[in-house]
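In what comes next, subunit A is part of two complexes: it sits with subunit B in the first one and with subunit C in the second one.
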Partner chain A sequence: MSLFSIEVQKTFRRWRTYIGFAVILAAVVLLEVIIKLNETQMARSFAGGLNSDFLVSGNVLNAWVITAFIMNSLYIHVPFLIALVAGDMVSSEATSGTLRFMLIRPPSRSRIISAKFLAMLFYTALLILFFGVLCIGIGLLFFGGGDLIKFQPGLPHIVVLPAHIAASRTGLAFIAAILSMSVVGSLAFLFSTLVDNSIGPIIGSIAVVIVSFILGNLPFEFTESMRPYLFTTYMGIWQLLLDNPIDWAEVGKYALVLLGYDAAFFAVAYYVFVRKDIKS
Partner chain B sequence: MNLMSILFGIVLLFLPPQGGEGTRYLENAIRKFDAIKDYVVDVKVHMDIKAVQAPDMEAKVYYKEPDKIKIDSKGLFFMPRDVGVINPRKFDPDKYAIDVLDTLTCNGDPAVRLSLVLKNDESTGRNVILTIDKKDWLIVEIAAAPYPGRQASAKITYGTFDGFQMPVKVEVNLDVGKIDSTARGFGRERTHLNELKGKVEVYYSNYKINSGLSDDIFKKRNDD
Partner chain C sequence: MADSILQTEGLSKKFGTRWAVKDLNLDVRAGEVFGFLGPNGAGKSTTIRMILTLLAPTAGIVRIFGKEVRGNRASILSRVCGIVEKPDFYLFLSAYKNLELLGSLSRKITRDEIQESLEIVGLKSRADDKVKTFSHGMKQRLGIAQAILTKPDLVILDEPTSGLDPQGMKEVRELVLKLSKEHGTTVFLSSHLLTEVEAVAKRMAVLNHGELIAQGDVAELLNSGSAYYSIQAAPQEKAIDVLSRVPWVEVVATGNGIDVRLDSGRAAELNRLLVTSGVDVSAFAAKRTLEDYFLKITEGASEV
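Up next is the complex of A and B:
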């Protein structure tokens, strides 16, 4: 059995791994039920300014619109759910006392840290895919399909994506969201190599995400000049994939920056782990 | 009968009849539509508005007198509210102060431009300028300013279906000012409101007129 499989098994043997799935299940079901109960009001709100000047027909509030709407919560609870597991990947071994035992035997430290990092990425991907399948599945069940009406910055401002395009774009958006959320996971993973308990990495990484968000959204010249250097600036990559036309150059830039942060956080975690003193 | 009564009678004789020239023109246009009790038509909308990117949209529009409208579409469909469905009946002469602005020639036929100002501001607050073809008594142009800063005008081309002259194309020029949208994601640049200005072409085909549409068709709201 490969080291990666062992790490994945270890991850999914911990009960905290399932908290993320349970929270997402509860949140998505709750949100979609609430939206369903307020469907008419929500549909009018979504049609927004259009209603006063246009006769609007068709399934305005459909699975794709609801999914795009719920995806905004990616910034709220999903980073915490990812940090909950990623921040525990290495530190839990230290807490339980298995780290020393693990490191005095083959395989090498570099293989171990790589396998743990890949397992963290696997969990992140699985959680986001679960989120996507749930949003779309319940959305289709409750609201049916339809064209995606979307408001975006600049021109055109209102974009209507036909249903078949909306489906593929939503899929792409979730793949981009995996990349986006992997940065939070990588950060929590890095923190978990630094300490011997899980609380620190979880709270630490969430604190960094929150502070970074706040800094990036403050309307001051100084904080705006910081925006290009904050990873949270690029975490909205998934939204670019729902724009029309897609600005691929921008998507590429966002993806490269996020991958860069992933690589940087992993490199530091790797450096710390392979030099970790397990004798003291 | 005293002198005052005779004088009052004479004054009444010389007063213009109630409902001036403009009202009569409008009534002629409404009368022209009188024979149409209901219709079903296939509608295709093509938008050429910078702020809106939408594929051509198709729907089946049901109309029943006096002002019932139902739109059935597979996908999302929207068309200009005031000028998308031409219905002279909605310009009730009793509700508007009607003035003749000028007479002109439209497509080689004599026409008249009427100003319709709502007498009661508490209602929808829509003031309209209509151009009526005096040869066929058809509304060939509508200009509406529903709210300050919002304007829509439409040029209407007619065709004949089952002996009725019905719109085949409505070319709408829209300028409805800045549109308000609260839908924006986190972590993105704040959305700047854009002007909804441009052209919308509405094409009508396959009319089925006076087929006896049931009221049940119109019971469900369009935006439900």
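Up next is the complex of A and C:
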């Protein structure tokens, strides 16, 4: 049995792991049901802003529009669900004492921490894919397909993705979201190697995300100068993939920065874990 | 030494300004049960953590199977298993699954091996129960099951009877002896329970304040220096009178019998002296236990 397989088994045999899936299931279903119940009103409100300049026809409030709307929860809500598991990967074993059992076995600490990190990435990917499939699936069931109309800051202010490419773009956006959420996971994972309790890494990583997000959005010269260095600035990579046309250079830059943060957080976690005296 | 399984040389660990273990030289031989004694806080667990690579030594080296652990960690730890402090498991998993996952970290484990380990510790019928439903004693036994699962050559047990009732303690001791006698496994057993070590260990080391104060054969260490004896004699007054005139005997207490301290090896001589002085000796028993020995040498060490 590989170390990765052992870590995945441990992760997915804990009920805590399924909190994220349950919350996403409940939130997406609830949100889409509410939108469905108020469909006419919401469609009118949504199209209202466009009617003064455009002739709007067809299925305006469709699965792709609803999905793009719900994906905004990737900034704060979903990170919490990622941190819930990632922040627990090492610290929970330190708390429970099972880390001692693991570390007196032949596999090296570097292999153990790497396997745990990969298991965290696996959970992150699975949760985001579940989120995507659920949003799109229920969206198509309730609202059907159509063009993806998206408002965005800057010019052009409105983006219209034809129905035939909206699906692939939304899929790409979710794949990019995995990368952006992996940074939150890596941060929580790093915190998890620093302490012997689970609450600290979970709250700590979410606090960093929130503070960083707020700092990145404050309209002051000082905070604006900080923006390029905040990882939350690049967490919106998924939105770039819903632009038309896609600015691939920008997507590449965002992806590289996010991968850089992933690597940096993992490198510190690795360094701490490999050198750590296990006293618990 | 050719048959040394575990050796430490100058092993030391410093936390801040405090030496938790200082210049420790241990020698554990193949196939024996080796007792590692010391009061709480003596540095036993720190030593075990260094041996098992959980803590990096400040100084010194650990050799297992003749090879230095640093640099040969994986090959050495594949033949070693243990419990550090207390057996902790994944409470949300069954006993079987815990053993499967933990055992897989060493090598491929078969279903039969897991069942056999559980059977040895008497937990076969609880194999599919989640560990969170287990009592402390059952977790201790499961800890031993995981320690013997991979059939290691060296088992390190840190206070394996801690928190157990007398029956549980007896079962663990029997398991330890069984491991040594039937499987030829070397057992390194740390304990602050002196009777426990006396019951199972052939050799021992005594640690106090992080320093080694004695190491050797349990029987030889017990027979060194002075020892306590309890004497039943009549008439008691006459016996006390005789004893008080012997310079190498100290009467410690009197009551239902007479407790004396004398040089080890002179018990027969004293018995003969009492009889030839007209005292009827009905019992002459050593009160010398490992605990007496332990207290004596640790007090001595403290004085130094």
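Heads up, the rule we're going with is that the second predicted complex is superposed on the first by the 273 of 280 C-alpha atoms of A that agree within 3 Å, B and C clash if a C-alpha of one lies under 4 Å from a C-alpha of the other, contacts with A are read in each partner's own complex, and residues count from 1 in each chain.
Quick note on the criterion: contacts are C-beta pairs under 8 Å (C-beta built on N, C-alpha and C of every residue); 3 or more make two chains touch, one makes a residue touch a chain.
From a predicted model like this one, the values you see are computed outputs, not experimental measurements.
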Exercise. Aligned on subunit A, subunit B and subunit C: do they clash or fit?
Worked result: fit
Exercise. Between subunit B and subunit C, which makes contact with more of the residues in subunit A?
Worked result: B
Exercise. Which of the two partners, first being subunit B and second being subunit C, lies in contact with A:Val60: first, second, both, or neither?
Worked result: first
Seminar exercise, completed: Rounded in steps of 10, the angle in degrees at the Cα centre of subunit A between subunit B and subunit C is 170
Exercise. Taking the superposition as given, does A:Gln239 touch the first partner, subunit B, the second, subunit C, both, or neither?
Worked result: first
Exercise. First (subunit B), second (subunit C), both or neither: which does A:Ala43 touch?
Worked result: first
Exercise. Looking at the overlay, what does A:Ser225 touch: subunit B (first), subunit C (second), both, or neither?
Worked result: neither
Exercise. Regarding the shared-chain residue A:Lys10, is it in contact with subunit B (first), subunit C (second), both, or neither?
Worked result: second
Problem set entry | Partner chain in contact with A:Met102 - subunit B first, subunit C second, else both or neither | second
For this session: Check whether A:Asp277 is in contact with subunit B, with subunit C, with both or with neither, and answer first, second, both or neither.
Result: second
Seminar exercise, completed: In whole Å, subunit B and subunit C in the superposition are separated at their closest C-alpha atoms by 38
Exercise. Along subunit A, where are the residues that touch subunit C in the complex?
Worked result: 1, 3, 6, 9-10, 13-15, 96-98, 100-108, 275, 277-279
Seminar exercise, completed: Within their complex, subunit C touches subunit A through residues 49, 52-56, 73-75, 77-78, 80-82, 84-86, 88-93, 97, 100-102, 104-106, 108, 146
Exercise. Which positions of subunit A touch subunit B when the two form their complex?
Worked result: 40, 43-60, 69, 71-72, 75, 146-147, 149-160, 162-163, 213, 216-217, 232-233, 235-236, 239, 244
For this session: Could you please specify the touching residues of subunit B with respect to subunit A in the complex?
Result: 50-55, 57, 59, 69, 71-82, 84-85, 146-147, 150, 152, 174, 176, 179-194, 196, 221-224
